[in-house]
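Have a look at the structure that comes next, please.
Letters A, B, C and D mark the chains in the order given here, with residues in each chain numbered from 1 onward.
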Amino acid sequence: MTVDASRGAEAPPELVQLLTPEGERVEHPAYDIDLSPEEIRALYRDLVLVRRVDMEAVALQRQGELGIWASLLGQEAAQIGSGRALTDADMAFPTYREHGVAWCRGVDPVNLLGLFRGVNHGGWDPADHNFHLYTIVIGSQTLHAVGYAMGIQRDGADAASIVYFGDGATSQGDVNEAFIWASVFNAPVVFFCQNNQWAISEPLEKQSKIPLYRRASGFGFPGVRVDGNDVFACLAVTRQALKNAREGQGPTLIEAFTYRMGAHTTSDDPTRYRVATELEAWKLKDPIERVKAYMFKSQIGDQDFFDAVDAEAADLGRDVRKRCLEMPDPAPLEIFEHVYVEPNAMLAEERDQYAAYLATFEGGE
Amino acid sequence: MSTLTLAKALNDGLRAAMEDDPKVLIMGEDVGKLGGVFRVTDGLYKDFGDSRVIDTPLAESGIIGTAIGLALRGYRPVCEIQFDGFVFPAADQIITQLAKMPLRSLGKLRLPVVVRIPCGGGIGAVEHHSESPEAYFTHTAGLRVVACSNPADAYHMIQQAIRCEDPVIFFEPKRRYWDKAVVDKAAEALPMHRGVVARPGTDVTVLAYGPMVKTCLEAATAAAEEGRSLEVVDLRSLSPLDTDLIFESVRKTGRCVVAHEAPVNSGLGAEIAARVTEACFYNLEAPVLRAGGFSTPYPPSRLEDDYLPDLDRVLDAVDRTFAF
Amino acid sequence: MSTLTLAKALNDGLRAAMEDDPKVLIMGEDVGKLGGVFRVTDGLYKDFGDSRVIDTPLAESGIIGTAIGLALRGYRPVCEIQFDGFVFPAADQIITQLAKMPLRSLGKLRLPVVVRIPCGGGIGAVEHHSESPEAYFTHTAGLRVVACSNPADAYHMIQQAIRCEDPVIFFEPKRRYWDKAVVDKAAEALPMHRGVVARPGTDVTVLAYGPMVKTCLEAATAAAEEGRSLEVVDLRSLSPLDTDLIFESVRKTGRCVVAHEAPVNSGLGAEIAARVTEACFYNLEAPVLRAGGFSTPYPPSRLEDDYLPDLDRVLDAVDRTFAF
Amino acid sequence: MTVDASRGAEAPPELVQLLTPEGERVEHPAYDIDLSPEEIRALYRDLVLVRRVDMEAVALQRQGELGIWASLLGQEAAQIGSGRALTDADMAFPTYREHGVAWCRGVDPVNLLGLFRGVNHGGWDPADHNFHLYTIVIGSQTLHAVGYAMGIQRDGADAASIVYFGDGATSQGDVNEAFIWASVFNAPVVFFCQNNQWAISEPLEKQSKIPLYRRASGFGFPGVRVDGNDVFACLAVTRQALKNAREGQGPTLIEAFTYRMGAHTTSDDPTRYRVATELEAWKLKDPIERVKAYMFKSQIGDQDFFDAVDAEAADLGRDVRKRCLEMPDPAPLEIFEHVYVEPNAMLAEERDQYAAYLATFEGGE
């Protein structure tokens, strides 16, 4: 794998693909990957399990247990491929859809549900997993990732940060400022854009006239487009970009070319704005099926293995559901917790007044 | 006379404005084919096409900034900010450009831009989707700020806002989008900056706007059962305030409560309290009290019923004004 | 004990903080070689180098956004916004990210970021260089907001702000940057969120902060000559307010005027008036009156002497509280 | 002049130059210009007169008559070249330094001084000159220009907008959003970036690692770098870009490579951050001297002509000074004027109160 070829902004590489939709392994001059059967089985398992968690979450939302859910359906390979490229020391900054990355970082899936159920705004400790909180305000986390990377630089640490965002996000000023900062400070950061073709109802043409990976060239760092439904390619490309970052070669923009198979969120109705044939075409490029086909063909996985993973997935789904329902509602006075780290007299007074008010209902109602 | 939801009343109002004046444009994220996430612009794209209903790139500063440019060229853009919490990337364009440019030009430039903001909580949403940022804009000179609370006002006020020669920040109470009422489209509308007595009363003035009007009307019904008469004023206009109406009511009742969803601290209720106290000092039997959101970020939705001032909290504030 | 300008006191305070803690960083436009347009960071670049004193690209959202990232990595960034009017491009990062992230993490994340904002008018500048945007931030839960008015406070408060585990918006009164006073660096500093009685008095409480403290002290001197005793309170902390101190003073005097440069409408004075009225209702001989900037954009500099509340306008407000 | 060559983002043209610092006319494959002697004399006159206005303004500031002044010294060619490329129907959006463009648009120089003297925030009617107000908040006018261009599009007008900004401004989110909007909507707008090498004390390296004109390629439209001290080249390149815009070919980014010869503003002290040799090197590239040398050599201007222009400049300077000093201070109650177009009861009340307050001093003080 030559570094130069992968970084040549002048002559952008074509879509990087290592596994075709039909499950054929193919070569790419700049990127390759050597995975053991075990590693491949682990990736397959990841893909299936995160899809199962996602499915369960959609069902929970339908049943009124979550307020809303943003499904990752179709984007599993982009998330698992990139997520598994990270070392423990690397830091990831997600949007609201990176359930697959969260999985790779060891975040308990039930913790992801808290935000969508409305019991908290994020239930995990970012430091425990080097996985930041979900960010809903489009694009703002890109600057945090760059700042964090500037911190890594100052610490002289062997690490990088990676930040996830969508195709729509590329239009936000913040994202472009993040590109500038990263370039100017040569920050060890990887910009991982999941181009799932849609920003709610708006197709990519509303955000850019040219392929998104080419945006990077205008800022002086390399951009690469990878088949976002190909977990091998996503892994290879992200690994290389992180390595470059850690080695002082600065940022890379990765455009993972994929598709949002479901609605934007459970509140959305995509039939209002996109045609069914598009979805059908992308179904043929499913990120899981191609790995399965490859594993079958190359005898890396047999039916027993696939059945075992399915069974594990079913268990996981049940477990997630059960623990979701058990999640306690926060107590009213938690409204006032954690707003400040240090004491705040004015807020304490509001809190006390509300506590006293609540007390008047005790025994009543 | 037709019975409309608040969302549909806005939709009809936008359509009427677009039919009246070919310079009126709709801009925002997902306002086209989708008709907006709340369907307020539903059907407009189909009927007016993409040169008048513009699905924009995903960037709020860009939306307001280009709307300013379009207004400078003679258009009247109506911008949708998808949710309250997403207006802040546009803060600079709103505060330093939209609000100030007419003055800066000594009145030569006019910016008839409307910024529609679905606001407030109560819909079980995730963070940033339930906020009430009106005080940021009432503090910004050069802007007009209004809030509708019911379908009839929604229909008329959105058209008034579009006709207004000044920039208008237009708040829409998202938890009331689906409330229905009869709308008399032919009726002569109250001027945009006038408030209205939504329910007359004698004992205490309750000032509210947007989503809280309904809550306060319910509080008034409950209070009436206990023999207390609340006068509920729907402010409608947040900047400028209809101080004549407000003061008249407080001079009559001698007591005043302001209710809003936004955090109390430095919220609009403070301004109203300060003005009422100054103007009605000798009429007040008690200080103006505020029933508002707590001075914290909007909580996760399972706590929003606690966070939002409800009927009980409004009545509690009313009770407290009688304790003075 | 040394005699320092307010700007130099800040400079010394920043230097002390950087010496104390290697995690403290300075970030902003022109803060490096130039030492900032007001020279508040003068010499720090030379002594601490470009990894701790960072000249950033020209983008305020980027400054705050990357400062948040650095804070997440354990650093304590002190960001300079070059002038008050240029904080708005960073509004989203401040309001939706900096203010809320600690809460969002259930307290697991801390963001000890200081945002320094030279504020206020009176220096004959062009537009956007003379504003007082504090109310936007006092209305934003999750932020702490303070304002220094003199060299000694500047020296101590900037260090307290940097040591604070919460984000702090730190206002510096630019027309007082060159005012000199003796600073006792070894003195024990008052806690950051405590106000102080800058001049004791008996007849009326005058609340001020930042640049207006000096004006109000001068007003007190003038009033004294006419036999009226003003108690001037320097609020220092704008959020949270030191309400104990404020209420104590008003309970004593029975009258209260709040002075600030920011527009009156929905300004911080409103919040103070509302709180004082509620807490001191029976003590008040008159409503709390406000002497503030007009509810217009900041005018061209040839009009700023009219716009800014001066000694006479403060005294006029005082007089009016005696007319009740 | 072939359109294609000038727009090829893939192989960016070198610095476009038509007149060397020594006053030699040179060719450029993609851009050329055919100017009559009269046109050249007119350009020379423009250059000299705007420099004279600028000089006078600096002097007025030194004498306390202006609060501050942002000098265009060194950037005359970029401003006159681009400004003279505009048709009456085109609309220009300036920063605070475009005194030369203002001149081309027929704005009375005295009107520019109002803002800096503090008597108003902008004293001309933008519609009278198709020259917008000065904008101080860096970068925000770029979006206005794009929106205006979208209006031109909707009107089907034969016009374009042009927006000026500095090298520092390219880091602002707004400017990058403007690039996106312009590209996506194919708006008839020209982005004219005067790269004067400095943003107050920060050199270009703090804003970008690669030449600024290349930023455009990341957004899918052409960028071109022109010698910003060459008035012929600036005119040719801007004319072409405007023509392309009007003809529906979308936006162009022009980077005018120039130098801020003076301080950032009269409040600034550049000795704190830049070395004198840099200034000396740029003096040799002066935008006026090269035209003069060329005119001499090619006998387009003789000493009489140059003397006449100098005399006109001296008169203009005197006139500007005189009328600056005559500019009346606004009346106090003007604070309340023009904040709103329609009546505003609350503000009217504030106004009346202040008027009454002022009346109490009448006869007094």
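Descriptive notes on the structure:
The rule is short, and it goes like this: a contact is a pair of C-beta atoms (placed from the backbone, for glycine too) under 8 Å apart; a residue touches a chain by one contact, two chains touch by 3 or more.
The shown structure was predicted, so the numbers you read here are calculated from the model rather than taken from an experiment.
At the far end from subunit A, in terms of centres built from Cα atoms, lies D.
Just to note, of B-D and A-B, the chains joined by more C-beta pairs in contact are B-D. Inter-chain spacing, taken between the CA centroids of subunit B and subunit D, is 40 Å. Mean C-alpha positions place subunit B and subunit C at a centre distance of 30 Å. Between subunit A and subunit B, the centres computed from C-alpha atoms are 36 Å apart.
Look at where the CA atoms of subunit A average out and do the same for subunit D: the two points lie 44 Å apart.
Shared contact sites, meaning residues of subunit C that touch two or more other chains, fall at 56-57, 59, 61-62, 85, 88-89, 92, 96, 100, 103-104, 127-128, 141-142, 239, 265, 294-297.
The multi-chain contact residues of subunit A, meaning those touching 2 or more other chains, are 120-121, 137, 171-174, 177, 180, 184, 206-207, 339, 346-347. Interface residues of subunit C, counted against subunit D in their complex, comprise 29-30, 32-35, 37, 55-59, 61-62, 85-86, 88-89, 124-129, 264-265, 294-297, 299-304, 306-307, 313, 316. Residue ranges of subunit A in contact with subunit C, taken from their complex: 91, 120-123, 125-127, 132-133, 137, 140, 142-152, 154-155, 161, 173-174, 177-178, 180-181, 184, 337-342, 344-347, 349. Residue ranges of subunit B in contact with subunit C, taken from their complex: 61, 85, 88-89, 91-92, 95-96, 99-100, 103-104, 127-128, 135-136, 138-139, 141-142, 239, 262-263, 265-271, 273-274, 277-278, 281, 286-290, 294-297, 324. The residues of subunit C lying in touch with subunit A in their complex are 51, 56-57, 59, 61-62, 64-75, 89, 92-93, 96-97, 100-110, 141-142, 144, 164-166, 193, 239-244. Those residues of subunit A lying in contact with subunit B across their complex are 67-68, 96, 114-121, 136-138, 168-169, 171-174, 199-202, 206-207, 267-268, 272-273, 329-330, 332, 334-336, 339, 346-347, 350, 354, 357.
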